[in-house]
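Pasting the structures here.
The following pair of complexes shares a single chain, subunit A, combined with subunit B in the former and subunit C in the latter.
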Partner chain A sequence: MEKGKISFLQMAIMMYPTIVATAILGVPSITAKYAKTDLWLSPILASFIGFVTVYATYKLHKLYPEQTVIQFSEHIIGRFAGKVLGFIFLFFYIQIIGIIIRGYAEFIVNSFLVTTPISVIMASMVLLCALTVHGGLETMGRVAQMFFPVFIVPFLTSIILLSSDMEFKNILPILGGGMVPSMKGAIVPSGWFTEFFLIIFLLPFLKDKQKGMKYGMISVVAVMMTLVAVNLIVLFVLGPATSSKEYPLMNVARYVSIAEFFEHLESAVMAVWIVGAFVKISVFYYATALGTAQWLNLSDYRSIVWPLGILMLEFGFWSLPNAMETERFDVETFPLYGLLIQTITPLFLLMIAIARKRKRLGSKKND
Partner chain B sequence: MKNILHILCIFGLILLLSGCWDRVEVNDLAIVTAAAIDIKDDNQIELSLQVFIPKALSTGGGQGGSGQGGGGAATLVRSQRGSNISDALSKLQSKIPRKVFWGQCKVFIFGEKLAKQGIQEHMDFLLRHPQPRERAYLYVSKGNPKDALEVLPPLERYSGEVLRELSDLHIGMQVTMQDVQEGLVGVAQAGAFPFIKILPPGKGEEKLQGIPYIVGTAVFKKDKMVGTMSEKATRGILWLRNEMEAYTVILKPEGVKGEVSLNPVSARIKLIPQIRNDKWKMLVNVDTEGAVVQNGTNLALTSPKSIQTVEKAYQEDIKDRIELAIQQAQHKMKADIIKFSKEFYRKYPKEWKKVENRWDEVFPKVEVEVNVEAHIRRQGYINKPGGLPEKEVKKQ
Partner chain C sequence: MRWGAFFSVMVIVALIILYEWPKMKQNPKKDKMAFFTLLFIGLVLSMFDLPHMGGPTAWIQSLFRPFGRFMEK
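For the complex of A and B:
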């Protein structure tokens, strides 16, 4: 089905924007609402979910090295139940992509292209991602690799440019209200960390399989550090006003002003963010297309890339009425929904698979 | 055939580059350089915009050295009443043939009357709109803020620029939209704005050639203005906010006639909160260095003893200023514009929780101790009082 191979580094580079791209924009403000000045602690706590997810995913992969979750769940819990679970996974991903595309488009419409119909922005992104997914996994890996500097360099430079406007004292008091606020703040980012389950769709195509786990974990650490850095920057520059902003990182980027002519950097943030969202949507899209083809026992996933795109667009367009509801979904629904599908379900699958393996080994011994 | 199709596809993408619906040309924009908001007797908001005229720049600037840009003003001012900013803006738009663009507006002026009724509702518009910048400066003006926009300053291109330059020089406080939002939603729930007036034009200048300038500080409690502080007290606030850059300190050393003037070169301010036995105390430690700019006394500043005398006077002077400012904030305004609450919250979050709701009562009772460490580092190009005969110089 997929003939391409990617390297472990390409996998890590694909996963990094997949998680970070949307998490750096709206999440700091949601975290700040609960964690106040401790918002930088929340991603560290949330990353625990990421480590668990990568661990469970990799162990599952070890048991069924050539297959994705859609295929091996049939082996673990039986053909019918496996098909049902596969459907749940695919439904989840199609819906989530719809919402990611919607979130992306809401941001663009809100801050720049105010009069452009949102459907045009959503459709053009889906079109672009469909082309990339159609190109296959290798194409995606290369694209992600190529865009990685575009993503990371402006980010690092903006930290340097902002350093003169930072008020480091904003971090105090540390743990003023105890651990509870920062734990509450960790709930929403932990939803993002569950998305690491997507590596299950990439691991079978690694060139060097031994390093899958290591680089999965490195990816989690990188995401965690980036989120901590973003939360700190936002806190240092905006202080108590963080939680009232819709896109705090955007406000922060606009705050850059060097010698009165080097300013108005928001378009740079915008460009970075579109690149990130593009990689993110592509990875999700690829996983869904591959999974759907496997679920339907097709010989190639490329034939269903286009129809799936239309389906995702429909989900993005119809499932949420407005921008506020999109944010509410991220805060109230997604953390639990994502955790259930992407972390708890794989953990259960892993437990059943191990139990069955033991039983099989046991019965073999008895023979 | 397939190649031709590919090429057609690639050229087809060019059509997408224009950005379709939100395509905006610079010559379709009315670039706002400053905005003033005031309230009128019938409870209507008056929004005045100072809009940049690109034509004035291109004709005037080209000739070079003519100063006044071909005789025409670089900006025009339009105002409109409405029930709130957005209402006034939509009505105002019908009087301006180009689309109003806020992205370059770096000066917002609130009228005194409006400030006294509360600015929260108006801040909402400015913060919600994606165009106005967090770095834009905010002011409160005495009288009608529209006047500040209408004047034609002789030196700068338009009056908004004058205010921005003054703020950048740290004449008076430098207050951005971000600061105001932090002050309003943060623990202090108080804010301070630079308070401006119009400087009348000098002799021989045309009627409108005055400039707006900063005369003191408008003090806000929550989102309402409660009073103003004089320029003298403002300098104390500037010391506390570490924005003391553009001022000269004039002091009278003990035991000699005349005054010494100093420019503060650097200053480090530390606010150290203390809670002992339920007594709230704030230690204000100031460590500053200055350079002599004028010496009207007969002291030769080369001798250690006379330096000491002057340094002592310098310390006293700074201490007086800071204490005056704190005194006014604590007892006259009862508004925490010096951010004591922030310091207490950072160091004592638990104790802070208890007084959070009655900070208004606690704040005036906070004991303040000001310690000033002031030194003179440089004395300029002469080492004796200038133009004073040798025998009259007091050597000590």
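For the complex of A and C:
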């Protein structure tokens, strides 16, 4: 079904914006609400979920090297239950993409294109992602590779440019309220780390399969370090006001002013965000399209890419009347929902698969 | 019923069929069925006032309500 192959580095590069892109904008302020000045600790705690997810995903991949979760769940828990689980996964992804697209468009409308109808921004992003997904996995890998500098360079430069505005004593007191606030702050970012489960849709198409685990872990570490860096920058510049800002990184970027002509770096933040959201939505979109085609036993996933786009757009609006509701979903529902579907379910599948393998080996020995 | 949304989705569906059909003529029947079923679901959903309608997202939100209350504190 998928003839393209990607390298392990391309996989890591695709996964990095997939997690970071949406996590750097809204999440720091949500984390700050719970963790106060310890918000930089939360991503470190949350990354534990990322390591568990990558480990479980890779072990499952080892047991069924040529298949994605939609196919091997039928082998593990039986045909009917496997189909039901596959449907839950696909449904989850279509819904989550809808909410990601909505969050992306909500940000663009609030900060920059105030009078543009939100559906136009959402539809144009879906159009772009659909074209990329239609091109196949190799196209996506190369696009992610090409845009990676666009994503990382403005980010690093802004750290240097902001250094004069940083107030390092904002970090005190460290662990003033004990570990509990930073642990509670870690709940929301951990929802983002569960998205590493998506590598299950990429691993079967790796050129060099041995390095899948290593580079998955490296990707988790890179994401964790980026989130810690972002949270520290935001904390150093904004201090206790972080939790009251909707997009703290945008506010921080407005502080940059060099010789009074190098200003308005928030457009750079927007560029980073759009590139990141594009890669993120493409990876999710690809997983959904490939998964749906495998679930229905189709011969190719390309023909259903466009119809799925319409469904995703509609899910971006369904039951979400305004931006408030969309943010509430991210905070109050997604962390546990994502954890259940993307980390706990794979762990269960892994346990059942290992138990069945043991049983099979045991009965062979008895013969 | 929101006619604007419905008609724009209808136009998009027509464009998708025009764009995709020549490429998938030789595909198996199952592919064509899936293609049209998904398009049809999309078209039907566009007839409703989705933002103000209870749907899967609302159900899941109410399912995870206890966790939401824990996060509100």
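We adopt the following convention: the second predicted complex is superposed on the first by the 366 of 367 C-alpha atoms of A that agree within 3 Å, B and C clash if a C-alpha of one lies under 4 Å from a C-alpha of the other, contacts with A are read in each partner's own complex, and residues count from 1 in each chain.
Definition applied: a contact is a pair of C-beta atoms (placed from the backbone, for glycine too) under 8 Å apart; a residue touches a chain by one contact, two chains touch by 3 or more.
Bear in mind that the values here come from a model prediction, so they are computed numbers and not experimental data.
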Checklist entry - subunit A residues in contact: does subunit B have more, or subunit C? => result C
Item to check | subunit B versus subunit C as contact partner of A:D208, first or second or both or neither | outcome: neither
Next on the checklist: Contacts for A:D300 in the overlay, against subunit B (first) and subunit C (second): which applies, first, second, both or neither?
Outcome noted: second
Item to check | Partner chain(s) touched by A:S124 [first = subunit B, second = subunit C, both, neither] | outcome: first
Next on the checklist: Just to be sure I read the superposition right, which of the two partners does A:F315 touch: subunit B = first, subunit C = second, or both, or neither?
Outcome noted: second
Item to check | First (subunit B), second (subunit C), both or neither touched by A:R254 | outcome: first
Next on the checklist: Give the list of subunit B residues in touch with subunit A in this complex.
Outcome noted: 16, 19-22, 103, 127, 130, 133-135, 178, 181-182, 185-187, 345-350
Checklist outcome for this item: The residues of subunit A that touch subunit B in their complex are 110-117, 120, 124, 169, 172-173, 176-177, 237-241, 244, 251, 254-255, 257, 263-264
Checklist outcome for this item: Within their complex, subunit A touches subunit C through residues 91, 95, 99, 119, 187, 292-293, 296-300, 302-304, 306-308, 310-311, 314-315, 317-321, 328-329, 331-333, 335-337
Checklist outcome for this item: Given the complex, residues on subunit C that touch subunit A span 5, 9, 12-13, 16, 19-20, 23-24, 27-28, 30-32, 34-35, 38-39, 41-43, 45-46, 50-58, 60-61, 64, 67-68, 71-72
